[in-house]
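The same chain A turns up in both complexes below, where it pairs with chain B and then with chain C.
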Partner chain A sequence: MSGCEGPQSVFRTGGSDAAQLEHLFLVMLAGAVVLWLGINGLFYYASRVSARPVSRARVEALILGGGVGLPVVVLTALLVYGLSIMPDQRAPGDGLRLRVTGEQFWWRVEYWPEGAEAPVVSANEVRLPVGRRTEIELAATDVIHSFWLPALGGKTDLIPGRVNRMSLEPTEVGTWRGQCAEFCGLSHALMAFQAITLEEAEFGAWLAREAQGLAPEARTAEGYAIFTAQGCGGCHALRGTEARGTVGPDLTHVGGRATLAAGILPMTADALTDWIRDPAAFKPGVEMPGYDHMDPDELATLALWLEGLR
Partner chain B sequence: MRTVVWTIATLALLGLLAGGAVVSFGLYNIAARAGHWPITAWVLHTTYRRAVDLRAPAPGTAPPLTEEMARLGVRHFDGACRMCHAAPGQARTWTIRSMEPEPPPIAEAVGDWSPEELHWIIYNGVKMSGMPHWPSVREDDVWAVVAFLTRVQEMDAETYADWAADPPVPPGAPTGLAYCAGCHGLDGRSGNARIPRLDLQSEAYLAQALQSFREGRRESGIMAQAASAVPAESLPALAAWFASVPPAPEAAQVDEDLAARGEELAWAATQDPEVPACSGCHGPEESEVRRGPGPALAGQHESYLAEQLRLWRDGLRGGGPAAELMAKAAQHLDETDIAALAAYYAGLEPEAERR
Partner chain C sequence: MTARRHSAGGEQEFAEERASLVRITFGPLIWAMHFLLSYAGAAVFCAKFPHASEHLDLLVWGIGLATLVALAGIAWQGQRSFHQWRKGNEDSLIEEDADGSSEDRHQFLGHAALLLAVISAVGVIYTALPAFLTATCR
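For the complex of A and B:
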């Protein structure tokens, strides 16, 4: 079934939490099928196979046994099983901590390796090491959002004014897709993100690269001068430069992300050009203003330069 | 019952026909020369007075009406209102006195109206009287004119002439310079905190701002009048004139705590997720890399900066092609942010090189 595959499916899992949820679902489904068959079987038996009056004592036994006794036993068993896996779903992380903040309509992502004093800031993509349990703190700036990576685990809300937590333990290397799962405004459906799971050593190498500031050669390029002259640094940070805005996503390594604009566009120079010229055309209600007043050649140069920031 | 209904219906029909005849056959004499019957004049004037009484804001809601405001207001009055209401000590022309209704001399027009009522009248205008409404949706700059009007009844002709005078301009100056310089100063440095300094800005920015005012893309009743009173061909030359004066290295004394808070905001040190770093577009420059595309703010008058930020936040401040940037940037500012940012930029010494 095609609807059950792909990077955003609870049936194509890549982490222990999602596998557990999938298992829970299958157990529930199996139980439901058995009950459905049993009840309908009895109904069929009583109405078609052996349709005759039944004694009062037998009716009372059926009602008490089948209507009270059986549900108590079945539901208690399912409840105990369901409760028994809850601690696993909320288990504390074992090292790396992520802080994800929901914004209209994108994700601010901070990586806090153990013992770090300052985070490595990124956006709209989470990278997680396979085989480790990563603690994820969830916050929101404006309205309630919900962080959901169906292939890796359950969903948890991001609520302004408080910090929720969850943890994820990926078991398989891959690229997965997440989605805001709580209506958060005009472009709620366009608030997605990528999750990339990596072997631990590879993840460490990536994080070390991500922690670096803007490459010196990128700073001397024409794109940087355009970026600065257009005032992009008022909202976006390029770490290690004068651009230190905190309103929009950190762009220090924007070209290294798989998607643009929170999972809705490919990370190409063309898409960047279209997006910068008129973001609201792709994402109604977006905070970013349009730059349709820019010289088209300068805009193309800027987009190409941004795409090269890996 | 039936008879009553028929009578009323017949009378109503006759009334409609009579009214239609007056309009379509031109029976009513609209001649100003004919004047009004005393009863018509009384009805119209009483309607006017009662309408203002009903709609004007409550007394005591006017902001402090300072002399700085009055000195700006008198210049607007001189350019836009004097032709009908005449300046103190001057007579209205016979042409104006032949209007119907006749615009009263200014002291009489102010009469015993309160500042709030004067604000309402100037902002809204008066239908069928020749009194226009304020040429902008902005209400705040009307107070400058009100500040002048609250002083006009005691003002003598000499004071008025002194306040309203155009300064002498050098030969060959662009048309309209004397008029502009009357408020902004010949060097663009008005000493009046209500009137922005122009010596800080580049020629391109000033030209674009003048064009925005003229075309109604930027709101201000005072500048709408000014930018449309000066010939359009002259606007680029005026922009060039004010941009040719080197920025004076004057910075205002400001509240240091407030300015320090403003500096943190302007440089994104607060990590505020909703307020962009002002310095990203408005400087001041940290290095040789040009930051743009906003106008220079360092050294601008504090109250002017605060007023403009409020307009941006409230969606009343248009401008050039990049106006959307600032409209989005200012939408989450609160009063404390605005006061802090205005203090920070007003307290900075202007940058030598224009942006």
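For the complex of A and C:
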């Protein structure tokens, strides 16, 4: 059953919501198995074991009982059970709020701690404190996407023009994988993300770091000069600097993410180099231009500098 | 309308049959109205009071009341259909005679109306269940 393991499995849960859904699935599965056995057992009985005419009264009782009564009872029981877990799945968060916006083909992520007036902006990765219920607002600007993080909870669409809500309560520290689950264009299948669940204290420390702008020493480095000269800041933000673009992901702490380009490349200087040279080679239809005209040494310096932005 | 060929036939019988044809739509119609009322009611209510938990009882009991009224209507319709179907057809639980007489057609319409009433009642209950089991605007 190794196919059921891994960071993106509904059978390897790390949160209470996903555990509930797994339970729902198992109940449904058990019910389906019982029904299948019952119906095929009856078929077998009626055609092989006791194949003889039956009285009209019995036939009518069978049709009314098995064809009307039983389905109504079974479906009602399943509906009541299914509906009864909905309030849990929709429970409000207990403090931290995230806003995730789907973009072609990446995720804009904002952290709104309780009482915050401005968000901590990040991208392509979701970090959540264990033992807390975090509310997640889901929006989109271009087309419909879907936020699916099977290890932690159900699937919810991100729809332009409206805000959908879900909440997640991780119960286990770990690194999980999520995936856009609604076809959104050429690179839909390459629109993934990492979810990292942390102990509350650790999460707090990370969020405080993430909230800071670009480190002063990063600003004086050569990489920053290259970044500015190439005009990357027109699309990307480095908080606390002139780079304020919002077309692409916030790069202030890009090196601190576990993956590059929404879950498809490792966060290494080599991968960054390849990505910047030709993003479309990894993600067809991507909105970032390629920089294959750059001097290879400059490109390597830029990549190494980005990788160091933790 | 071949009904006229039969002895009892004529305009009056045709009118009666038309009435029972219309009547078979009552169950589903009540279901549709209840559905519309519940969903539109919940949508309007949640748009007006998105964070309401104190007013929510109002919505839930409103839907509950609409459900009772709808079920009563369907039950009334159902028992009328039951009699229409069973009159002169006491021997079978699930079939009417199939000689093609106008009496048989009359019974058939009663049978169809009864089955539609049953499915409508189930539909009404299923429509109302979320209001009681989830009871949230989220």
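Note that the second predicted complex is superposed on the first by the 310 of 310 C-alpha atoms of A that agree within 3 Å, B and C clash if a C-alpha of one lies under 4 Å from a C-alpha of the other, contacts with A are read in each partner's own complex, and residues count from 1 in each chain.
Convention: a contact is a pair of C-beta atoms (placed from the backbone, for glycine too) under 8 Å apart; a residue touches a chain by one contact, two chains touch by 3 or more.
It should be emphasised that the depicted structure is a prediction, and the values quoted were computed from it without experimental measurement.
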Comparing chain B against chain C, which has contacts with more of the residues in chain A? B
Which of chain B and chain C A:Ile63 touches, first, second, both or neither: second
Of the two partner chains, chain B (first) and chain C (second), which one does A:Val80 touch, if any: first, second, both, or neither? second
If we overlay the two complexes on their shared chain A, which of chain B and chain C does A:Arg244 touch? Say first, second, both or neither. first
Between chain B (first) and chain C (second), which does A:Val34 come into contact with in this model arrangement: first, second, both, or neither? neither
Can A:Cys232 be said to touch chain B (first), chain C (second), both, or neither? first
Regarding the shared-chain residue A:Glu103, is it in contact with chain B (first), chain C (second), both, or neither? first
Touched partner set for A:Gly290, first chain B, second chain C, both or neither: first
Which bits of chain B are touching chain A when the two form their complex? 267-268, 271-281, 286-287, 289-294, 321-322, 324-325, 327-329
Can you list the residues on chain A that touch chain C in the complex? 56-57, 60-61, 63-64, 68, 72, 76, 79-80, 83-84, 86-87, 90, 92, 165
In the complex with chain B, residue positions of chain A that touch it: 101, 103, 108, 141, 224-225, 228-235, 237, 242-247, 287-290, 293
Touching residues of chain C toward chain A in the complex: what are they? 92-94, 118, 122, 125-126, 129-130, 133-136, 138
